[in-house]
Amino acid sequence: MLIKDVVCPFCGCLCDDLDVEVENGRIIRVDNACTLGSKTMVGDDRLKAPIRRDGKGWIETTYDAAIEEAAQILLDADRPLLYGWSRTHGEAQGIGVHLAELIGGVVDNTSTVCHGPSILAIQEVGHPGCTLGQVKNRADLIIYWGCNPIDAHPRHMSRYTTYATGFFVKDAHRDRKVIVVDTRRNESADVATEFVQVEPGGDYAVLSALRAIVRGRGDVVPPSVSGVSREQLVRVAEMCKNAKFGAIFFGLGLTMTAGKNKNVRNAIELTDELNRHTKFIISPMRGHGNVYGTNEVFTWITGYPYAVDFSRGIAFYNPGETTAIDILRRGECDACLVVASDPAAHFPKPCVEHLARIPVVQIDPHPNATTHICRLQIPGSVAGIDAAGTAYRMDGVPIRLKAIIETGVPNDTEILQRLYNRVREAKGE
Amino acid sequence: MTELLIRNACVFDPLNGIRGDVMDIAIRDGRIVESVQNNADVIDASGFLTLPGGIDSHSHVCGTKVNFGRYMSPEDMRAGRTARRGKMHVTSGYYVPTTYGNSYRYSTMGYTTVLEGAMAPLEARHTHEEFNATPLQDMLANTLFDGNWSIMEAVHAQDVKRAAAIVAWTLSSVRGFAIKLTNPGGTEAWGWGGDLTGIRDPVPNFNVTPAEIITTMIEANELLHLPHSVHLHCNNLGKPGNYATTLETFGLVPDLNKNRQTLYATHVQFHAYGGSTWRDICSKADEITKSVNAKPQIVMDMGQIMFGRTMTMTADGPMEFNLYCLHHNKWSNHDVELETGSGIIPVLYSKKSLVNCVMWAIGLELALLTKNPYQCLLATDNPNGAPFVKYPEIIGLLMSKRYRDEECATLHDGIDQRTSISSIDREMDWNEIAIITRAGQARALGIAAQGKGHLAPGAEADLAIYPIRCDDVDPATEYRKVVEGFQKTRFTIKRGRVVARDGDVIVDGANTTFWVNPTIPDEHNVANDPEFVKKFEEYYTVRMSNYPVQDVYLPRGRCIKTEADI
Amino acid sequence: MKVMMNTGRTVPQGESVERKHSPEYESAASVCFIHPVDMMVLGIEDGAHIRLSGSGGSVVLTAVASETVEQGSVFVPLGPFSNHIVSGETHCTGMPDFKSTMVEIIPTEDPVPSVAELMEALGGVRYAH
Amino acid sequence: MRVILEAKVRKKPFLPIEAESIIPRNFLKGTDLAVYEGNKERKLVDLFRISVEGTAVTPEKIEVVLKGDTSRVKRIGEYMDAGKITISGDVGMHCGNFMSGGDIEILGNADAWLGREMRGGYILCHGNAGHYCASGYRGEKTGMQGGRVEVLGNAGDYCAEYLTGGEVHIHGSCGDMAGVEMKGGQFIIDGDATRPCGNMKDGTCMIFGTVRQMLPTFERIGTKKLPDRKVTVTVYKGDVANRGKGIMMVKGTGRSDE
């Protein structure tokens, strides 16, 4: 059976034009997807049943017993951390936030290790952005700064930017210029009109210099800024000012290097400055399929996009203090619920060491690095494969993920709702 | 069957001509009925002021833009924080509260129905998700068409039926309620960083003018027999001298519907400025109200501002960028492909600012100089002019000349030269307040027929019982009691169930979302038009099949069907 | 040799990221891209094992020559291997220095561990799928 | 009056304690105060051995002395308006938030956000201070508005971020981006600083050590002799990128990269 217009749940692009061939309840072919999306969908590798650690080994258990044990672990904790969420649908995320509210936990999502610093920057200066179709239809200048779409968002260029045909951009090759800014000549740089190579850690200074040049104060800028010549900076500034519609896409090259949120802030303020001359937008290249959805759901329930601490009953937010990495590094939390992410693989070693010391419950369909260090893993279905639900694209467009096969595995919403109900009951509500 | 009897209610029900009668109200299964059996539950209203549930006909509480306002404002979230308590979830925020914060505060103020002022069709799913997390109000969504490419093409072709067909397909696809135009044409110009200066400027690349968009959409609206009229945010918002654009726009409006207005002009305070710069800005509320008093086809809302910090958020992207250049505070912008734009900026309305004082006065002047209260409704364009929790103060100001004078005495001296607020003696009565906060909204939105905004048998049993004894309180002098009384109901009743009591919400809530589905003949359905489909697939970044909002997002949706004259 | 370690997504890592027990994932995530000149300085060939040590710990990886990294820096795909080196310091931003960790590289004969072995070393219990 | 609070040994020593109730004024009514350990409300006496010496009728006459391991106790001195707090060891995050008067003396190190959004009073830290010392809060445009923070050791990154008024004096060195977004006030760094004063709008920052990675958007406007310091400094104005008119003074040329 061929299913059309399937949404790929892999990255923040949420491409919704996949053709998926399903046979005997299995996905056998995926067309239109990039290799990341299609390999993920075809090669889906599942844990068959809930498992719990039993001494030095593992035994299978039932969903009922697993949910009971998970509830007890959370109820016993003085500072539980509920982490992950970005690979599941919004409906499950919402229950997760309410669960944290109920038990006085800290709830954080994978933004922490992705675009958390971008959120901090947006909270300082705002975010001039747009949906990706605006870029596709209008942009004649694209800047990729500190990101490598060819490896991380392989269809970004063909669907929205460099190679995309738009209403006002009929010939993308001729009508669009591309600038790549990075510390290394990555694969994306090969297609750029202009490649700006910045010394590691030099993005902030380069952005400041560009802002000064755009506002007509190039005179203060020294001949070389973090390895970039003033001449090139002036050229780039002119390209930006002369564009009819410019779009900056930035990645972890800004959020994971020294200065972090301040790097992003500087990029946003460059965009603000350019809007005094022409139309310019900026957008983070969000990684996980539904990471932007976690921010949206967290925000309408708690007021904050991530790192929310309910230990005092009210919602408190202070990334750097209430973020998962900091809490784990400082050894603060005494239990952890991991949902739809793999912190043991993606957190620094000292954080994983702490996870290995405390009871960890993981709700995730796949055996992953966190499996080895958890006490209990409950497999759910995969949003976008055998579970339907809402996801938000990197630009905020909400899309409904489809269930394209039926596996009979409970989805995360059902598992979390049962867990929530059990905890509520145990608290006598 | 559940029955409830409310005894000794002092009722104002303007749509049914009831003015302060002390009476009983019978409710069965969520609706008003003539009588109930003797064993019905009883609430003693003790002679307190009892009104139909409040209706906000223009507020920003759910969806992409609102949530982005929250997202970028951790500083605001430090205000108004409450912990989980009883049935109430955690809340945060003052001017951009969480969905539960909005819902609880509206509910404890007696509001049971809220219209979200701006929903971009492409992002409609988000709005509906937040509606579900705003559980205590029935919700409706104004759907943005101001920069819609297909609409502008239809306008250019002078094809009203085509425009109507696009509206019909879009509203039913995204579960929208009404047509919203925000700075029509201007949001498309903003796609290139530009704006329009008046309603006769051509929209770049589309060769249509705002005037043509507005008139075509008014006609399309009436062809579709939508419950509400076109809902317009005029061009040139917030610019000195913009009253001329507003008057010119009002001049375009024919009288096409005998049951309601043909145009709803929103937050008109922001569109009633004289002068030519911020230095000589003055009130033109007199000119605006003169026009409205002569045109029954127009209804407006105040767009009142109140002093303090708040957040402006609108689909009017260029206006927000101008504000950013003025204040240099944080600025967010979010243009939506083929459809519309939006911007978000925090503001502080200060009594020290003459401009802000003039704005404050204009909103009140509009309400007080409009003869028919059904033509100027109470709203702050929440949170743009002020968070809706300020409504009780606005009610107080409208009911008491003394309160206004006392406020004026604390404002910038220039206010007397720039506005006529001090010379207006009118003081509204309870009935007029009931009109500008619920009856007028129900009529303007066209939802009285859905049982909203009145208390006749058959109506939805949405009520607000305020701890105010109308015969004991003189609003002209005891305005503090009025303000306090409207802040917290004694009881808020939603669909026959007590949902809030003395400032606390006591149920989980289960709202309804109203949406419209105009039926049009198949040959006009754009979904069957290969040209429309081809353009959609080429220029949107989502597939047409993934665009419509699925029923699962409206677990308690109520569809209003209409038959189009196409 | 002291170099700056950058981490990030690669296509092979991304393709197999939901199959962390697979040999594809382990080989995709346990490589270290290093400039040929730096390899000469270290005296190693493509495919040799090297030990990277940083503020958070150390791990053995397979060296892969690449001219897309600058001399004096290396690139390791994000994942449990690179994270064995990164410390949890976030400068109170919530975000570790994933893309700017100084590491010491030495050639080694030690084997490249599996993901399960890495997790066992941290106190986990191997789950064999 | 002296109130001595000695932290008890806890089963989970890493669990944070939030103790904004520990300000001198609150001890006028006794010691029955609530503090929080993780998500549990505790009595002060559950976590501290309490002894009180003497009496007082105003908070000015109260000194609170903290002993034992207080490195995980957050928010001590929050909204403090008078009196004195002495911490004999290290102190947890957010010590002296929103403080408007009185003195806090920390004999050990202070964790992050020391004196955040401070309005008045004096904080003296003998050891090192963590990141975001004397800074603002997420999303807020105004940081520390008044008072004085003095750190005898080093400070972490983002020190005096959004400084709007008052004085911050770091005797040692600062980490990355000291004085970023400064809007006013005076900021003195006796040691080194990396990328100081980015996006500065107004205020004065003086650096008497070495500046690493000087930002490219500061305009050199001359030199100045500072007699009390017996040095000549180079004076810069900026941040030009931000239309700023802040003053940054750097000893010598101060730049390590020239």
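The letters A, B, C and D name the chains in turn, as written, and every chain counts its residues from 1.
The rule is short, and it goes like this: a contact is a pair of C-beta atoms (placed from the backbone, for glycine too) under 8 Å apart; a residue touches a chain by one contact, two chains touch by 3 or more.
For clarity, every value in this text was computed on a predicted model and none was experimentally measured.
Enquirer: When the contacting C-beta pairs are counted for A-B and for C-D, which pair yields the higher total?
Expert: Counting C-beta pairs in contact, A-B comes out ahead.
Enquirer: Nearest chain to the global Cα centroid?
Expert: A
Enquirer: From the mean C-alpha coordinate of chain B to that of chain C, what's the distance rounded to whole Å?
Expert: The separation of the two C-alpha centroids amounts to 56 Å.
Enquirer: How far is the middle of chain C from the middle of chain D, if each middle is the mean of its Cα atoms, in Å?
Expert: Measuring from centre to centre gives 38 Å for this pair.
Enquirer: So what's the Cα centroid distance for chain B and chain D, whole Å?
Expert: Inter-chain centre distance comes to 46 Å.
Enquirer: List, in ascending order, every residue of chain D touching at least 2 other chains.
Expert: Touching at least two other chains: 112-113, 131-132, 137-139, 158, 176.
Enquirer: Chain C: which residues touch two or more other chains?
Expert: Counting only residues that touch two or more other chains, chain C contributes 91-92.
Enquirer: Counting only residues that touch at least 2 other chains, which ones in chain A make the list?
Expert: 120, 123-124, 201, 258, 310, 312, 317, 319-321
Enquirer: Per the contact definition, I'd like the list of chain D residues that touch chain B in the complex.
Expert: My answer: residues 137-141.
Enquirer: If we count contacts the way the header does, which residues on chain D are in touch with chain C in the complex?
Expert: Within the complex, chain D touches chain C at residues 112-113, 130-132, 156-158, 175-176.
Enquirer: Which part of chain B faces chain D closely enough to touch in the complex?
Expert: Going by the criterion above, the answer is residues 72-76, 78, 329.
Enquirer: Could you list, by residue number, the parts of chain B that touch chain A in their complex?
Expert: 62, 64, 67-68, 70-74, 76-77, 81-84, 89-90, 92-93, 96-101, 122-123, 125-126, 129-130, 133, 149, 190-193, 205, 321, 324-325, 330-338, 341, 344-345, 538-543, 545-546, 550
Enquirer: Would you mind writing out the residues of chain A in touch with chain D in their complex?
Expert: 77-80, 103-105, 120, 123-124, 201, 204-205, 207-209, 211-212, 215, 217, 220-222, 225, 258-259, 262, 265-266, 269, 310-312, 317-321, 330-332, 334
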